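There are two complexes below, and they share chain A, which is joined by chain B in the first and by chain C in the second.
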Partner chain A sequence: MNVLPINALSSLIHLAQATPAAKSFDPIAITNQLLNGVGIIGILLLTGLGLSITFGVMRIINLAHGEFIMLGAYTSFVLQSNFKMDLLLTIPFSFLFTAFIGAIVERTIVRRLYGRAVETLLATWGLSIVIQGVVKLIFTAQLKYVKAPPYTRGNWTPFQIGGQAIEISYYRLFIIFMALLLLGITAFLLYRTKLGREVRAVTQNRDMAKCLGINTSLVDMLTFAYGCGLAGVAGTVISSLKSVAPPMGQDYLVDAWMTVVTGGVDKLVGVLAGAVLIGESNAAIAYLINDPTARVIVLAAVIVLIRYRPEGLFTVQKRS
Partner chain B sequence: MAEVVGRIRQANYVPKRWLVTSLVLLVIFAVFPFVAGEFQTNLMAKLLLFGTLGVSLDLVWGFTGILSFAHGVFFTLGGYAMAYYLKLNLSATANNYGGTLPDFMVWNGLKELPWFISPLQYFPVAVIAMVVLPAGFAYLIGSFIFRSKVSGVYITVITLAISSALTTFFVSQQAYTGGTNGITDVSKLILFGATVPPIGIYFIILTFAALVMAGSWWLTQSNFGLILRSIKENEQRISYLGYDVANFKIFIWTLSAGIAGIAGGLFVPLNKFISPVYLGVAFGTQIVIWVAVGGRGTLFGPIIAAILLGQIQNSVDRITQDWQLIVGVILVIVVLFLPDGLMSLLPQKFLSKKSSQLSRSE
Partner chain C sequence: MKKINRSNDALNGITRRRFIQYGSLAAATSIVAACAPTATTPTTTTGATSSASPAAGGAKGIKVGVMYSTTGTIAIVEKSLQDATFLAIDQINEGTGPWAGKKGIDGQMIEKVVVNPDSNWDLYNQMSKRLIDEDKVVCVLGCYTSASRKSVLPVFEEKDSLLYYPVYYEGNECSSNVIYTGAAPNQQITDSIPFCIKTFGKKGFFIGSDYIYPKESNRIAKAELVNGGGEVVGDEYAALGTTEFITIINKIKQAKPNFILSNLVGDSIPAFYKQLKDAGITSKDIPIMAFPTTEEEIQAMGPEFAEGHYSSFNYFQSVDTPENKAFVEQFKAKFGKERVTNGVMEAAYIQTFFMAQAMEKVAKEKKALNTSSLREATRGQVFKAPQGTVKVDPDNYHSYLYSRIGKWKADGQAEIVFATKAAVKPIPWSQALYKGRTCVHKTPDDRSNSNVETKKDLPVEFLKET
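== the complex of A and B ==
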């Protein structure tokens, strides 16, 4: 209860700004700031993707999403400190582990609460407290550090103009690459496979899908597990940006929610749009004024957006 | 229709049993500080305050069906109003920093008191601000979001965003709000020329809690309360009957924020500080937990839950730091197996038939 949510976005911008941004109209600095925004987009996309699966497809308000991110980060930490594994190699393990935990949670808790959105929300919040507590018992509240792979260190400098460089760190590129890759894989699974077709059928009309012989309870479990697995991968990728600690998931929860709600949940592209909008407007306003103001303005804008388009920006109008 | 309304009120009307219970509880709470030590008195005062805060959330959630994570925000706004008053009067008397400026303002290089804070050094202004600030803020938000097709989950997401945005804002405005630390080292509350002792604060809080309970009881039993509960059950139907649902929601939302603000104001002399922690999503959720565990749509539920969980925390804290884990487990168990909260454990005979039917959620 006494954990102050440090906000993920602004601390990331802090990380990025080794040199304080000049306030004048400097095209190089602006470009760099927009490239920083690309890193934020990657993080928002990674953290929002899993949520858009569980919320968009299953209408489950999963407040423990941040804790699955945290579990993914801890999986990487354990594998790295015990087996000296490369961060990239730990990704499948954290996916499988968090997906497994997700499946258990679906079977034991979420399943009993289908159709009761508020109850699910409360139960998953309780679950998030429990997961945090258990992780704290095992690993203590001490901050842990995960090393980034050596080949992602340093900055990529596409070109230089008069001594000033336009650059973006390789890790940021790695994050956005991973985010887009996962988005692509998810889109493929959802729109090009039999399972994806079943998932979409269940989303559109659960009873009808059941009548057609789709095992809806299995689909539910797999979908929830997949959403949690994505959160785990996000946790692994993010883990070396900052320290790993039990409350870290909380930092990402609100931002992930805003991303998902902004873009709308009916189509996967909505998450991408939400991430781009929030990430870039955050970076731009942070450049013009400062980080906290940027966050407040962006959140206020999201509230206004929800007020006028609760179904998100990229949603087909449906007759319900 | 009048007859229907009348009948439900009749069925709901259980004054005697509840009146006796309430009076017995009130007497127990009034005797409590003389039996328990100062530590327990302060703890109980805090828990009563949290319980009352829970009741204010219950008015909008349990009775009207709007789940809000922003009640910590209203609580904290009221708290800051009172904290500025106490802080400004401390520096006026102690004069530690070579002026009347609070320490955090001096550290952040402010030369004089900002115009929007200086009126708060007068007690009446602070007391009014403690209610008007949160209620006004709630009114603005309420009129913005309740007059639209936004409903259910999205309202909840909006309250999350509000809580998160204000936390960032208060942390960033270090010169004016004291940043992450908030306003600390405040003076003791002085009323009518005398410093109020801890036991005095306890009784102020007890009176406040009793008034809120009585007022909420009256409100929820009235026709107005009936409409609120109907909104929760079937919003569309109520609007077809000719009621302006948005107005009812805005009213209860604003009223509830005002109560939360007063609770926040009373919290400061007790707690000796206020900080952005109470603005955050975590504290907002804590309030939701009290209401959920105690029982939505019941007035005693949130208070019982706040006291019970608080006392568990207090006793477990001595053994282990991981009491949050226990709260999490309790929450999951309550949601899964006891959807109507601890209050539903009371024998059905004790509860009126109608109210137990009506208070079932969704």
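== the complex of A and C ==
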């Protein structure tokens, strides 16, 4: 936690030092960087999607979201190291496992705090520390290694000029594909099925939904579990890009929140919009200046944005 | 508007009592989480009850503080330092390993007082005060990051206690209250840059995590590269804990360096190596020379991603000495077959023996064991370490260490491609930046400015075996 202000400060010093910003404006490198932005978008979308369910649909401030990502990554690690499973095959298992843990959390903690945002925030924050502690006790604090499937190696090269190539790695393409697929499935579930209609009904007017015979407590549990399951899938997919460790979820928590809040929470497409906006602006600024500064600028921009559009960018104006 | 109203309601809805309930719940959970991992390790209970001054060497044993974070972001590294320290202390108390044939310090056991500063720099400061004032430890073994060392340094200087610090660092410091057993710049950076120029080429791209050590270390390395006729084609930093490197990798592709010099730390290391290879840059195209990348990080990323890259360190698990063979065996026997050893762990291990040998010397001379007698006895201690024979420099309290460069192989171990013939005398100040500056403590407890400006190139001195 206390690392943050130091980072922010040193990034500001970066700014002050006026880093040699404009290198030669190489069109190939810029195109590559925009493609890199697509890679970042995939990760933001994937990590933000679960949150857009728990926060966007259910209005639960879930600070343990990062820990569910971490649990998904550990599920893959366990399955891979014990049963030599392919990473992609572990995806359903991490979904089910994290959804199961999510259901337990909803039953025991979140359920008792509906409508009390600040208490939920405190409780899920405490929960995130407990989950991290438990995982550390079981697996120790050492970094763990998850292997990417061999067929996702290498780069996709749309075209080449001279010695330079425009390229993006297959795994990044897989991530964005996975994220869009999950977004599609979620949209289908939410807008095209009976369960989705019930979920939306409960969100809009709980008492009325109850009167109409909807089992609201079951709907709540399923929705929360589904959001956590999505976080688990994100954890599995991300795990092979880095290493698996108890604090890994913390890195994604802030990014996921920024994505969801920027895009707006009323519509699922808001997450996509938020991810595109943050991902590409991050990539562009990071290319022009440097990475830590890009984070500071984007975070500051999001804060300003929330000040003037608290409901996010892509929300239809409603009469209240 | 709707949402704002609702959150206001939620705030107003909290009664004071409920706030305290949940607040204390949250606080309690964090305390439980912080304490849990240490509870599994043998922790001596501490408190005001030990009123008999153990510093004077009572019958109870010699109290030594062990200060490494076992929770938080840095726990990944510091836990293995703690493991290596515990191994050494157990060997000293049981009379095994390098301590075979003896038992404890002249019959007295070392009693470890373990604290966990939770990767929080302020807590290092508070806990070192507690160790010195309340637990009355003779000395403290601990710290990993430069930030934590800078945080506790005033405490050790003000209270005149002794810290044994086991980590390679950026130099530019020379306290008479710290025994530095990790590499100074001239034992790690100075040899690796000429090696890079000779083996890979003149163009270097520098990357690192965004805090004191990587920036200072890269500043020294850049100066060395320019002195050697090389060219800095890039200099990029990523926030601590960042695992997204595609932007930096794109800049590397554009700059086309001959080699990358990496001072990334923690879980950024596996992420960077993996993403570099995924982006199609192999170790044959652009090799990485790294300082903080050790066997542990290689294991965490999968050795295939590191194969063909390089690290510069005093010690590798593959160092071929009988002492190292024994050390690796004993470590694996205690902590598990799958564990690996690395340079920082070895430094944590040898500094514990420097301390034990010094305590033994104090006991033999029948002096009271306190900071000044321990410091006096630690100066000049020689130990047959896993990396080879090492010595605490009596002038600047850094250590004579070997300088080595390893090329990572497919099995996660290093093939040593460069090694000095003997341990190198430490120079705490980078000679590329501060030509001719070194440090000599004029008295054992030197509070004056101990820097010596010779204005000349300092010769490389090796440890002479006696």
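Everything below uses one rule, namely that the second predicted complex is superposed on the first by the 298 of 320 C-alpha atoms of A that agree within 3 Å, B and C clash if a C-alpha of one lies under 4 Å from a C-alpha of the other, contacts with A are read in each partner's own complex, and residues count from 1 in each chain.
Here is the rule we use: a contact is a pair of C-beta atoms (placed from the backbone, for glycine too) under 8 Å apart; a residue touches a chain by one contact, two chains touch by 3 or more.
Quick caveat: nothing in here was measured; it's all calculated off a predicted structure.
In the superposed model, A:Phe77 lies in contact with neither chain B nor chain C.
By the document's definition of touching, of the two partners only chain C reaches A:Gly39; chain B does not. In the superposed model, A:Phe68 makes contact with neither chain B nor chain C. Measured by the number of chain A residues touched, the leading partner among chain B and chain C is C. In the superposed model, A:Ser243 lies in contact with chain C only, and not with chain B. Of the two partner chains placed around the shared chain by superposition, neither chain B nor chain C is touched by A:Phe97. By the touch criterion defined above, A:Phe174 lies against neither chain B nor chain C after alignment on the C-alpha atoms of chain A.
By the touch criterion defined above, A:Tyr226 lies against neither chain B nor chain C after alignment on the C-alpha atoms of chain A.
When the two complexes are laid over each other on chain A, chain A has residues 1-3, 7, 10, 116-119, 122-123, 125-127, 129-130, 132-133, 136-137, 250, 290-292, 295, 310 in contact with both chain B and chain C. Taken together, the chain A residues at the contact with chain C in this complex read 1-3, 6-7, 10-11, 14, 23, 26, 29, 32-33, 36, 39-40, 43, 59, 115-119, 122-123, 125-127, 129-130, 132-133, 136-137, 140-145, 147-148, 153-155, 167, 169, 171-172, 240-243, 245, 247-248, 250-251, 283, 286-287, 290-292, 294-295, 310-311, 318, 320. Chain contact summary for the complex, chain B toward chain A: residues 67, 144-145, 148-154, 156-158, 160-162, 164-165, 167-169, 171-172, 180, 276-277, 280-283, 285-286, 288-289, 292, 322, 324-325, 327-332, 335-336, 339, 361-362. Those residues of chain A lying in contact with chain B across their complex are 1-5, 7, 10, 61, 109, 112-113, 116-119, 121-123, 125-130, 132-134, 136-137, 250, 253-254, 257-258, 261, 290-293, 295-296, 299-300, 302-303, 306-308, 310. Across the interface of their complex, chain A is touched by residues 1-4, 6-7, 10-11, 13-14, 18, 22-23, 25-26, 28-30, 32-34, 36-37, 40, 70-73, 75-76, 79-80, 120-122, 147, 210-211, 236-244, 246-248, 250-251, 253-254, 267, 270-271, 274-275, 278-280, 296-297, 299-302 of chain C.
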